[in-house]
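Quick one: the structure is below, and I'll ask about it shortly.
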Amino acid sequence: MASGTTSAMTITLAELARRFGGEIVGDAQQRVGSLAPLDKADSGQLAFLANQKYLPQVETTRAGAVLISPADLEKVAAREGLNFIVTPNPYAYFARVAQAFIDLATPAVKPGVHASASIDPGAKVAASAVIGAHVTVEAGAVIGERVKLDAGVVIGRGVKLGDDVHLYPNVTVYHGCKLGARVIVHAGAVIGADGFGFAPDFMGEGEARTGSWVKIPQVGAVDIADDVEIGANTTIDRGAMADTVIEECVKIDNLVQIGHNCRIGAYTVIAGCAGIAGSTNIGRHCMIGGAVGIAGHVTLADYVIVTAQSGVSKSLTKPGMYTSAFPAVNHADWNKSAAIMRNLDKLRDRIKALEAALDERKGE
Amino acid sequence: MASGTTSAMTITLAELARRFGGEIVGDAQQRVGSLAPLDKADSGQLAFLANQKYLPQVETTRAGAVLISPADLEKVAAREGLNFIVTPNPYAYFARVAQAFIDLATPAVKPGVHASASIDPGAKVAASAVIGAHVTVEAGAVIGERVKLDAGVVIGRGVKLGDDVHLYPNVTVYHGCKLGARVIVHAGAVIGADGFGFAPDFMGEGEARTGSWVKIPQVGAVDIADDVEIGANTTIDRGAMADTVIEECVKIDNLVQIGHNCRIGAYTVIAGCAGIAGSTNIGRHCMIGGAVGIAGHVTLADYVIVTAQSGVSKSLTKPGMYTSAFPAVNHADWNKSAAIMRNLDKLRDRIKALEAALDERKGE
Amino acid sequence: MASGTTSAMTITLAELARRFGGEIVGDAQQRVGSLAPLDKADSGQLAFLANQKYLPQVETTRAGAVLISPADLEKVAAREGLNFIVTPNPYAYFARVAQAFIDLATPAVKPGVHASASIDPGAKVAASAVIGAHVTVEAGAVIGERVKLDAGVVIGRGVKLGDDVHLYPNVTVYHGCKLGARVIVHAGAVIGADGFGFAPDFMGEGEARTGSWVKIPQVGAVDIADDVEIGANTTIDRGAMADTVIEECVKIDNLVQIGHNCRIGAYTVIAGCAGIAGSTNIGRHCMIGGAVGIAGHVTLADYVIVTAQSGVSKSLTKPGMYTSAFPAVNHADWNKSAAIMRNLDKLRDRIKALEAALDERKGE
C-alpha cells in the first residue's frame, strides 16, 4: 500500500468495531495503523478476506487482524494469536476503514476562499467550504457546508451544491444545475452543457438543398441526487425542456456521455466510455459496461446488465444480462468469418436448396 | 417548461409573424409569453404541432396559439377561438421563438474584460466582447464583436474568433486556429491539439528492438466555418501540414474525436462519442451516429448516414444508410451465436460437403 | 506547408548532416530554410522520399535537397544538380528537421511565473520553467528544468514533473503522480483521477434491496516514464493500491481512458477513443487501434496489434494482429444478415438434420 495511506496514528480493534461494527474474535486491544493484503501485512496492519481463493493465506498471514465473514471464519483452522473482526461484508468494511485512514493522513485544508477565486457577490458560499485557486462562482449559486471546489472549477448562475460536495479541478457546472449531498465529480467533467438538438429547416434536395439547422434551446437543467460520483471528463447534458436526472448513489466512470433528458436510476453503475443518447430511461441497480452504446428514447428495466461494447437499440423490459459484442480473434480468421457473415443469406439459401432436394428425393 | 424560459414580457402573434414569418389564422392581437406542449399550454402560451401523432391534441389544447403547417391545418376541425400561426416548419419556428424568449429572460451581461482575465497586450479584443474570469488570451489573437469567453477559456497565439462566438468554460483553442461567426463551443472542448503522428525509427526485432517514435510536427491549424456548434469535451486536432477543416453549420456532439487533416462537409451532424481518424473527408449533409468509428484517409459522399456504433473502414461513395452494429440480446443466446460465428467457415464447409454428397447421389 | 514552419533562417546541408546525421550526395553548401512535399518544394526547401509511390517525383522535383534512403537512391536516374541527404529513415529525419525549423520559428518564451499563477510556497519550481496564467501548483510539487505549464494547468500536492515536460492548457495532474522527462500532455487531459472502484454493500433483492456502494479509496498514483505523449481530454486513473504505470515512449491519442493499475509497455501506441479497463497489462511495442475496448485484468503480449473498434475480453499471449469489428455495409443488407446471425444455431441445426438425413439414406 502506498505511503499516502499510512499514518502515525494507530487504532484498537475495539475502536474500529465501535465505529464500523463487527464482532471481535481475539484481542480487542490489538492496534493497527494501516491496511495491507493478507500475504504482505505485518502485525500493525489490518488485512481482509473477500475472496475464497485467498483462504489459505489466512493460515499464514502475519496481520494484526483480519476482516472476515462468519461463514469464512468457520473454514479457518484455529490460529493461536490471530485476531479477527467478523463482519458480513469484509470488502465494504475494508473500504470504510481505508477511507478513515486516508482522512487521517490527508493534510487538513482550512476552510475559506482562495485569494485568486472569483465569487460573484450574489452567490452564497458556506463558511466551512474550501474554494480553491482560480475558481469562478457566478451569481445566485449556493454552495453547501464543507464543499470543496478545487482549482479552476466553474460554477454557473443559480447552481445549487449540497453539503460535502467535492468538485475536482477544472470541472464545469452550467447554470441552474443541482448536485445533492456528497456528490463527487472528477476533473474536467462537464455538467449541464446543451443537449444535442437541432430542428432541420431545409428546402430542396441534393446539391440544390438550402436552409440550415435551427438550434433547439435547452432550457432544462441537470438534477443530481445524493452520493453520486462522476468520472473525469464525463459529460452530462442539460435537458431540453425538463431536467436530466441522475438518481442517488449512481456511479459513473470517466469519459461517459449522457444525453439530454435521460434518467439514470438509483445505484446504477456506468463504466468508462459508455454513451447514452437522449431521453433514455435506465432503471435502478443496472450495470452498464465499458463503451456500451444505448440509443435514445429507450427504457431499461431495473437490474439490467449490459456487457462491455454492446449496443442497445430497443427497450429491455426484463432484468438480465444483454450482449452484442464479439471478442477479438486472429485477424485473418476473423476476416474469413466476416466475409461469410456478410452473405449469410446465401448460406441460408443453400441450406434451403439442400432441404428441398432431399425432400424431393424422399418423394422418389 | 423550466422557469428559465418564461419572462414577464409577452408578444402579439402579429409581432411574432413580423419577426419570424408565418401567416396568422385567428386573432393577431393574441399575446403569448412562453412555450408549452399542446396538452399543457394555457392561453398565454404558444404550442406547436410537428408530429401527426399529436394532431388530436390540437382539438383540445387551451394554448393561446398553435404553430402548424398548412397541410396539418386542413386536417384540424374548425376550432372557435383557437389561433394559429401557419408555417411550413413549425418545429424550426418553435426553436427560433424559444431562443428569442430565452434571450429576453437571460440577464444581460455587460461587455468588458473581467479583472482576473489575462489578456496579452498584443491581442485585439472587440469592446463589445464579454471576457470572463480567469480567461487567458495570448498575443496576436483577434476576438470579434460580441464574443463571449466564459471563465477559464484559453485562447492561443494568433487565434481568430469571428463575431458572436461563444466559448463555454474551460475551452482551449490552440495557437493559429480560426473560428467563424456564431460558432458555439461547449465546456472543456479542445480545438487544435497536435494530431497523432509519429515516425517509427526502430532497428532490430523483438527483444532486441531499439530506437523510438519521432514526433511529426503538426504545423497546420483548425479552420472552423460559421454557425458550427461543438459539444463538451470534444477534441478536434490541428493538421499536420494543411489545416483540419470544419465547414459551415456542422453540428458536433460531446466527446467526439476528429483527427488531423479531416474535412467535415457543411451541415453534417456528428453524434456523441464518434471518432474520425486522420485525413478523412466527410461529405455535406451527412449524419454520423453516436460512437461511430471512421478510419483514416477515407471519403464519405454527401448525404451518407452511418448508424450508431457502426465502423467505416473504406470510402462510401454513394449516399445512403450504412450499418455494422448488432443490437444487444440475451447474453446466453448471443454467446451461442457468437461461438458459431467464429467458425462460420466450418459451417460453410459442411454445406459444401452436403452439396457434394447430394450431387454424387444424383449421379448414382 | 503552413507559414508557421518557415523562418528567415536557412541552414546548409553540411550543418544538417552534422546535427542529424546522414551522408550528403551533391552540394554540401546548398542552403534550405523549410520543408515541402517533393512536388511543391523550391530550391530553398528540403523534401523527402518515404514512400515508393512518389519515386517518380524525385525525377522532377525542384527541391534544394531530398532526404532519401540508400536503397531508393540507387533507383533514381542521375539528376544533374539535385542534392541528397542519404539516411536509412528519411521520414524520421524529416520529422526531426521539421521540429528544428519550428523551434527556430516559435517566439521564445521567457522563463518565469506569470503574475496570475498560484504557486504554493511549499512547491519547488525550477527557475528555467515557464508557468502560464492562472496555473495552480500545490504544496510539495517539484517542477523540473524548462518545464512549460500552460494557462489553467493544475498540479496537485507532491506531483513530480521531470525536465522539459510540457503540459498544455487546463491539464489536471492529481496529487502524488510522477511524469518523466519530456512528457507532453495535451489540453484537458486528466492524470490521476480516482479509479472506478466500489464495494457492493447491499442486502435483499429486487425492490426490497437496501444498502449502497462503498467507495474503495484509490491510494496508488500514476507513474509516467520519459518521452510519453498523451492526447487531449484523455484520462489515466490512479491506482487503487499500487500505481498505474505508463512506460517510456508510449504515445496515447485523444479521449482515451486507461483504468486504475494498468501497465502500458514501452513504445506502445494507443489511438483515439480507446478504453482500457483496470489492472490490464499491455506489452511493449503494441498498437491499439481507435475505439478499441480492452477488458480489465487481462494481459497482452509484446507486439500485439488490435485493429480499430475491436474488443479484447481475454489475454492475448502471442504477438500478431487481432480483430472483432465489421465494416459498415448497406443498412438493409446488414439487417438481413444480422437477423440470420441472431439465429445461427437454428441454421446449424438444419445442417445437422440434413447430415443425419443423408447418413440415413446411405444406410438404405
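In this document, chain identifiers A, B and C correspond to the written order of the chains, with residue numbering beginning at 1 in each.
In the analysis below, a contact is a pair of C-beta atoms (placed from the backbone, for glycine too) under 8 Å apart; a residue touches a chain by one contact, two chains touch by 3 or more.
None of the values given here were measured: they were computed from a predicted structure.
Enquirer: When the Cα trace of subunit A is superposed on that of subunit B, what is the rotation angle, expressed as a multiple of 5 degrees?
Expert: Result for this pair is 120 degrees.
Enquirer: Do subunit A and subunit C face each other with the same patch, meaning over half of the contact numbers show up on both, or with different patches?
Expert: Copies use mostly different positions to touch.
Enquirer: Calculate how many whole Å lie between the centre of subunit A and the centre of subunit C, each centre taken as the average of the chain's C-alpha atoms.
Expert: Taking the mean C-alpha position of each chain, the two centres sit 26 Å apart.
Enquirer: For subunit C, what residues touch not just one other chain but two or more?
Expert: 116, 134, 152, 170, 188, 233, 255, 273, 291, 326, 329, 341, 347, 351, 354, 358, 361
Enquirer: Residue numbers of subunit A touching subunit B in their complex, please.
Expert: My answer: residues 116, 118, 134, 136, 139, 152, 154, 156-157, 170, 172, 174-176, 188, 190, 193-194, 196, 198-202, 206-207, 209, 212-217, 219-221, 233, 235, 237, 239, 241-243, 255, 257, 259, 273, 275, 277, 291, 293, 295, 305-307, 310-314, 316, 320-324, 326, 329, 333, 336-337, 340-341, 347, 350-351, 354, 357-358, 361.
Enquirer: Please name which positions on subunit C make contact with subunit B in the complex.
Expert: Of all residues in subunit C, those touching subunit B are 1-2, 4-5, 37, 89, 91-92, 94-96, 98-99, 102, 107, 114, 116, 132-134, 150-152, 168-170, 184, 186-188, 227, 229, 231-233, 249, 251, 253-255, 267, 269, 271-273, 285, 290-291, 302-303, 308-309, 325-331, 334-335, 338, 341-345, 347-348, 351, 354-355, 358, 361.
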